[in-house]
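Each structure below appears as structure tokens.
In what comes next, subunit A is part of two complexes: it sits with subunit B in the first one and with subunit C in the second one.
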Partner chain A sequence: MSWTRRDFLKFSAALSTGALAGPLLACSPSTVSRGSIPESLAALRERRLDYRKARAVPTICFGCTTHCGVIGWVQDDRVRLVEGNPLDPNSQGTICSKANGMISYTDYPERILYPMRRVGPRGGGRWKRISWDQALDEIADRMRPLREAGTPERFVFHYGRDKTKGFSKRFTDAFGTPNRLNRRSICSSNRRAPLMSFYGREFEWESQDLERTKYVLNFGGNPMEAYQGGLFMRKRLIDAKVDRGARIVTFEVRPSATASVSTEYHAVAPASDGAIALAMARTIVDEGLADRAFWERWANWDFDEMRAHLEPFTSAFAEAESGVAATDIERIAREFARSAPACCTMSNRGSAKHYNGVQADRAIRMLDVLVGNVGRPGGFCLSSLRMWKNRYGQEGLPVIDQPAPRPHAPKPWKPGTREFETLPRDVQERVRAFPEEWQERYFGELATPSEYPLSWHWYAMRVGQLVHPYIQQRRQEVDVYMSYTLGAAYGFPEARLAREVLTDEALIPFHVAIDVSYGEQAALADIILPDATSLERWDAHSTNSYGLRPYTGIRQPLVEPLGEARPAQIIWRDLARRIGGGMERYFDFDDLEDYYRAWYAELPIDWETFKARGIWMDEDRPLDYELHEREVPAAEVARAEIDPESQTLFVQKDGKRHTIGIVRDGRPVRGFPTPSRKIEVRDETFPLAARLTGLPASDINASAVPTYARVPEHVDLSDDEYVLTTFKWNVHTQGRSAYWKHAAEIVHTNPVMMAPVTAERLGVATGDEVELTTYRPKGASDRSGERDPVGRLRNRVRVVPGMHPRVVACAHHSGHWEHGVVARGGEPTIASARVGMNADTSELDALAREIWWSKDRGGVGHGVAINDVYPINPAPLVGGQNWFDNVCRIRRVSGQKDPRTRA
Partner chain B sequence: MYDTSAGRPHPSVSLDTVPPRDVERPGFLVDLRRCIGCHACSVACKTAHAIPLGEFPLRVRWLPRPDEKTFAFVPVFSESRCTNDAESLSAGLEPACVRACPTAALVFGDLADPEDAIHGAIAELEATRLEAPDADDLKRDVHYVELEDFVSGKIHRGAQLDPRDEDPIYEQEGR
Partner chain C sequence: MPEIRTILSAKERAPIDRLIASLLVREVDRATWIRLREDPIPGFFSIEDPGFRDWIEREPTADRIEALAEEFARLFLLPDGVPPFASAWIEGDREPLAEALSTFIGETMEALGVEPIRVEPWGRLPLDHLALLLELVARAGELEGSEEGASSIQAHLHRELLGPWVAAFGRSLEARATSPIYRGLGSVLVALHGEC
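Up next is the complex of A and B:
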């Protein structure tokens, strides 16, 4: 029988109407123990994937920060292939190469399979295998006294990728420590702060309506490769461009994949995005293209004041700053505004991870408000982000929350508390001057650094890159430090400082690392606990949807954990039970599945159906357009009061005003979840924070309104100074993908990319070796102004047309010295570390022989670790790392091209 | 334009009721307007078939464009190593590479079946074959939409690695 595509369509239609009985995909995890020896690759090739025998199980991807709904094919207790789940409204059934990276790391021959205890000095690489009982007893014995002595804050929990959606917080809250630290500032805090300032804490990310847009203005975002939570945009952007003729304009410093598929790519000077955005705003206002009615209804800043503020930001000024022609800036501004409301901005690290990045993103965000595309079809939309608890935009959705009982969060360190008294005098004085609402969110210098109050004003983003220097300076005494999927020792700026602190037993007496692979962080632990991988465990999932309709998904185990690995939730449960003292009552479950079933108790479909689908969404719910115009229900209005001046509706709770809406044209509507219920284009929080931390009012970060100034160290760059920028390739994710074999095969190096004109000036060619020397920043940043170089690195050159001539770019995920043989480019791993891994090395040896890029086989090797030479450089107030500001000098070390013979 | 949901697994569909895909002359359409160079196709293929490192049934090339300052992305298939994913076809599924493509740049069909949608797509989009004088192992029945002229001179050993490659990825010795 011949089966055509049309037949298949008919068949699918029959299924969706229920005409055929649809036996669902299998969904219960295997109960067979998987032991410790994965089947050999040769055997896998032999026994081909049989889709008719394999079980297909939906789950949520963990390959990057996007978290697509996926389906994994399981055969003989091994996941054989991962592909997209068509029920996911956000991914639309798409994946990327990293989805199958989950198989690479789950079946990695050098995966940690057993608890290990250090033998000999910390960092010496010698380990012995211990039992779970031994490991957990020892950790509990270290932690219990801290809690009993009333000093739980001396337990510090520091995570990299934690998608347990609050489960780890259950553990730290039950223990009582506020020191639940992360790496948000390494990643996205400069990007999140401007959006939360504009639209309220509920919106750390927006959801552009790309399915209907006609014009996309992209400042330094790379959604085709590595935009946090943003790979959902890829298909929508390509559909928009190819099927509907939408224009995508990208400003970048290097030819990323996104730049390559854009209709226009402009190579811009680093950190000039804000100047371009403000000049565009000026053009839009000057030429009468602004939606003044929208601005006056929703922006909290007087239109004429705004116009006057834009006066100096001409397109000629922006051209001088950015290198983009003034005529192009004006033309693009016009095209953008004329496409309204079906147009939107997009920006990410390229615009934000700079000294002036918070203001740049505020300037970019202002463009959407100016043309009135906010919440409109094809425009800049906002859609519910987090677990559903009847928050803004979540009205009518079932509540999805961790089961009770829940521990109380630790109490703030207000003046007068025991914890406050432990703080240094100057910190106490700073905190005393904070407004009360800040004091109620203050938890000491690691969790809420007082010099960076906007890293925790909206919510606890923290300043991860300062954790280790602060511990070194003893701003917080630490007894137990627990790393969870964290790569600070490799990937943080000035990572060698993190390593120094992690190695020093006087600063960190006890370090527990929970991870899947033996990375640089785990190598500096005292005890390593093997985590189950994303293909072996449960997690709840929700995020903002570019489909503009809230949905939720479930990560579920496709296979049993390999070896003795255990899901982190089980590790924390068992630790809590051993520590005792009451914290065990928050972990009263035996089966993790029961726990997640209770989490989803309010879902309108039953648990088995949810597991079989992997995704749930109310398909009849209207799309999230113009949430701000939705009417406040009469019952709520009846309970509220109106502030006559601002027209906001508010209720009193605990003696404080909480706004719930705003009256517009006599109608009570929701507005935005900001204090004014308007879009806070003007935000006095910035100058307030500046004043309370001693940042001069003249600093760009102190401005209440979006503005621009050049990055301090980019002013007067001399001819031999370049800006060193970094990025992620599309097959990689942070520092944790270098050992995924298919990713490493595609990208295993990180040469110094530079434009042909730059190479010419330096007298180098592709393949030549150069030495880069980096320097401290010059603005009001950590250790700024110090003259000594931060570090030097040697690496090879690759000439890439399309780079900005003042920029050199180096990907940041290469050059690992741990994470096993693949990450190390075929170099063997320290043998003694292997005691927690598979004792049979035949599969490892076979894999090692395949690494064709290893230097032993004449290959190019595995690149250069670069993160040690990046200065710790938090943006003032918000604290996001200014990754893309670093000034360096470049010296030719060796190569075929001798500069003396150059013409 | 083409339906991309058919031939993919769906949580509400049992493969037990899906007949095998009977394809006489397998062919691919690669819409280069849609390719974003993400490698989802090649990694899905290599994972599904447990292909060793260094061997490529297909490989996505990142080719610096000679005039513009960006990259062209071109998935290149091997005639000898690409098996058209018989396992998937026998289960009634599209090949794993096609299912993995996040932007619907890959289309699979039966070139011997005039009713197959791939014919219309090839004609309508004026898809052409990749001719590369050097390459001895290029898969024949692959049709590209908007194939740029410069590409053929940059394809050396088909999908396999070659030291002459100019891609910034798959870095080989000395480059």
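Up next is the complex of A and C:
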């Protein structure tokens, strides 16, 4: 059929009278001045940022969890550039390459902009848009009956990156569920637990005084790549080394970016950090380099007992364990101690994410106490951490807290409660044996797994990697599961198990995912709710300060959310209002800005000034040195009693003793916020937890004092076994940034790195393909001892000099199969085939054409997803995932070279 | 489909641009389905696909409406679809390009005295969303004859904002859509705004 001009004219005329097409544009009050229509796109590409037109808005970066103060330049409703905020005392105006990734993820063509509901089976990849009303009504209708029936715990909230500083807790508390789960065990719990055990709950992170230090002893900490607060340390570390000649000594299994800027790098056997630290402690004690006065004043462990305990940990022993020469261990110990107090230790996942990692970190922490650098200039300092509520170290600061009214937290599941009766018998028995203080914190097996009591003893760290297996084992019945910025389906160890559970509607009848992008987790939801990005929302911010002066900042929207995306706080508010039943009274605000203004009501500067600066700090406040030596105010002393034996000052509250200080040399001082007000180098919590959970007293994790034993599966490594370790690329923020083109262009793959000698032994070279087979751990770990392999993966080799020969390393956040074309390196999705979609648009779609690293274009591709082959391996008691222990066997598959290495 | 661009003036094309814009931002609901049956719309989509008329004459059952909604989401709202954004298609480094597009479109809207309407279901559309661009071009087209130089503005907008990519977008839509309405949208876009 052919149409004439006349037909088209008739068609056009008919349309203009119809109402099919509603307007998308409204007349604006601005005057028509057509002369100002730009000449060409090409010319505009050259003038990216017009400072006469752009607005500068300070906010807090959320490219990663470091949370630097930044300034976004906004022009034409777009954030054009992100720069550092010089007022931020932590970042000191610096940023990293990821900061501008926020622009990538705010304005990218594959972002989820609307609430979506699945069509067809879960995980089938078929969706339709629904309105917010439909979405929220459906979710509220699922949730309300749980609350009305008195079973709110059947609503499970599982978050990955929640930086709403307690706003989500407001929602879960108001609903009444204790099942507010996280992913801390995946990340940092093995290193937080030792610190909190030593220094108290207030200090899950330390703040080394790197601006004045002369010596940094780094056990697997990696601020140059990935470390909460890493950027705050980077400039300080480099300045310390370059300007002041400070020595940085790094023990690592691979030449990380931090190792590469260190003065000394020692490639150590995996999980041998504890042996080195204890041998150093022994050297320091033996050679009279310890600050005995400090130890005796502040450590809770007798010096001579400690000396006796160190006896077996000789430098020769440490050499045998780690491969580091005994003479080096002794020399470094001496150098460290002689630099005191301007010296500090540093550690993170490298030392801690092992079966023996909690004890390794305790041994490392002990070094600081031994040389008396704690809280001293250049030393291992502690600075106020969380929102200010007049806690330890926050005296004199304005209170910064969520506006009232606040819901009560759920009640613990103590024996006799309804919830307790729902627990399996063996769990009931275990919990019954817990001290009352622990029972007060017990909320069922998802939130507070009874086999891992130290995952919630100090702080709600949880054991995230066990959530899905526990749901599968029906340790908790679930009706509604809400994941928020969580990537369990991709990034958790044995992620395929999480996917199995998330796909099974009998186990999880209803899954709501709140996120910015369509990742592997959202793909397994029933409803997806589009979250506003960090450039589009409000959040309160506070963290520990490496400048040693507490400060606070505000994240504020630079642009309005795109599409129909909404800030999570608004989502929860609107859900609470729909669920009703009294829940809504905690969400009685219309405008989020009003809510945050009330949050910061006590700041001594007005709200507009705060927004304009983005940061507030009391410049006159003394630095956070020696908080433990600060005197307890007379008024508090007057209300307190003194325990004659421990000399602690305490007050009675709710029938319990709360220590507020300690008397030292007749002076009432604060001490540390631990039960003894001392540094608890010896902590009986560990053997107690072991006894109550059936962990043998001989297990390293049961020790009250820092100790060392080899990781069980490393004890008898055969010649063909290697330790598969993993790491985070410094331009990425785990699996969350693969779709940020800005980051993906820099790093998009994850070869298996190995030392030249390892490659030679395996008969492989860079570019060859190998197959790795992984096994379950030994020792007292989940499913330990099962013989079947956990999984296999194939990947290309990259030979890297400087690696430990027993270690192969592979970054764990490549190889996505969702998250859009950038993350997938142009590969089709699994679901695209399922929905009959022709995924090949490479010739048409510029977005796909830009993926120059795709295999189609002769590139290296987007890497290999490796998390499925990592066994779930929680450390005993604390539950942190032992990411770096995995034993694997390696087989050469092919000698075909990596395309980039072809001649 | 003949090249409508050469057959109709910008002003005459404006209602067609609007029709397409509306189909790009909103799913076909029952009411729209019924409107799409009204002559001469079926004839128009049948130029390329003679089966269109039979297809649209079917009963708009809930299942069929849902299937269309699902296809809409797959094509225009989710990753791996046919993103209706200029910045996803125009050749060049994405970020400077997307920024340049925002400036271009922002300044053009200001000059034409218009601003985007934000309502459900589309909310705050990215400025380079094809629907907005079509609406902008339609606006400029409507000024034709009433205001001197409007036609050159329309041509300028077409050359800068649509010409470089809409044909590729349309062809991709033709290739990847399964229903006659979205395949038809692809063909119409090629005919309306193919390469200059």
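Just so we're on the same page, the second predicted complex is superposed on the first by the 832 of 903 C-alpha atoms of A that agree within 3 Å, B and C clash if a C-alpha of one lies under 4 Å from a C-alpha of the other, contacts with A are read in each partner's own complex, and residues count from 1 in each chain.
Basically, a contact is a pair of C-beta atoms (placed from the backbone, for glycine too) under 8 Å apart; a residue touches a chain by one contact, two chains touch by 3 or more.
Please read these numbers as outputs of a predicted model, since none were measured by experiment.
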**OP:** In the overlay, answer first, second, both or neither for which of subunit B and subunit C A:N85 touches.
**Re:** first
Original post:
Regarding the shared-chain residue A:R48, is it in contact with subunit B (first), subunit C (second), both, or neither?
Top reply: both
**OP:** Applying the touch criterion given at the start, work out whether A:V242 contacts subunit B, subunit C, both or neither, answering first, second, both or neither.
**Re:** first
Original post:
For A:V821, is the partner it touches subunit B (first), subunit C (second), both, or none of the two (neither)?
Top reply: second
**OP:** Could you look at A:Y459 and tell me whether it touches subunit B, subunit C, both or neither (first, second, both, neither)?
**Re:** neither
**OP:** Using the touch definition from the top, say if A:P751 reaches subunit B (first), subunit C (second), both or neither.
**Re:** first
Subject >> subunit A positions touched by subunit B in one structure and by subunit C in the second >> reply: 1-3, 5, 8-9, 11-12, 15-16, 20, 22-25, 41, 44-45, 48, 80, 103, 741-742, 847, 850
Original post:
Mind pulling up the subunit B residues that touch subunit A in the complex?
Top reply: 1, 3, 5-22, 31, 33-34, 36-40, 42-44, 46-54, 64-65, 68-73, 87-88, 90-93, 96, 99-105, 109, 113, 115-117, 161, 168-175
Original post:
For subunit A, which residues are in contact with subunit B within the complex?
Top reply: 1-6, 8-9, 11-12, 15-16, 20, 22-25, 41, 44-45, 48-52, 56, 58, 71, 80-87, 93-97, 99-101, 103, 224-225, 231, 234-235, 238-239, 241-243, 255, 257, 259-261, 265, 267, 612-614, 729-731, 741-743, 745-749, 751, 753, 766-767, 798, 800-802, 847, 850-853, 858-860
Subject >> Residues of subunit A touching subunit C in the complex >> reply: 1-3, 5, 7-16, 18-28, 30-38, 40-42, 44-45, 48, 75-78, 80, 103-104, 107, 109-110, 112-114, 116, 119, 126-129, 131-132, 517-518, 560-565, 741-742, 818-821, 828-829, 832, 835-839, 841, 844-847, 849-850
**OP:** Name, in rising order, each residue of subunit C that touches subunit A in their complex.
**Re:** 2, 4, 7-8, 12-16, 18-19, 21-22, 25, 27, 32, 35-36, 38-41, 43-44, 46-47, 50, 66, 69-70, 72-74, 77-80, 82-83, 85, 87-92, 94-117, 120-127, 131-132, 135-136, 139, 147, 149-150, 153, 156-157, 160-161, 165, 168-169, 171-172, 175-176, 178
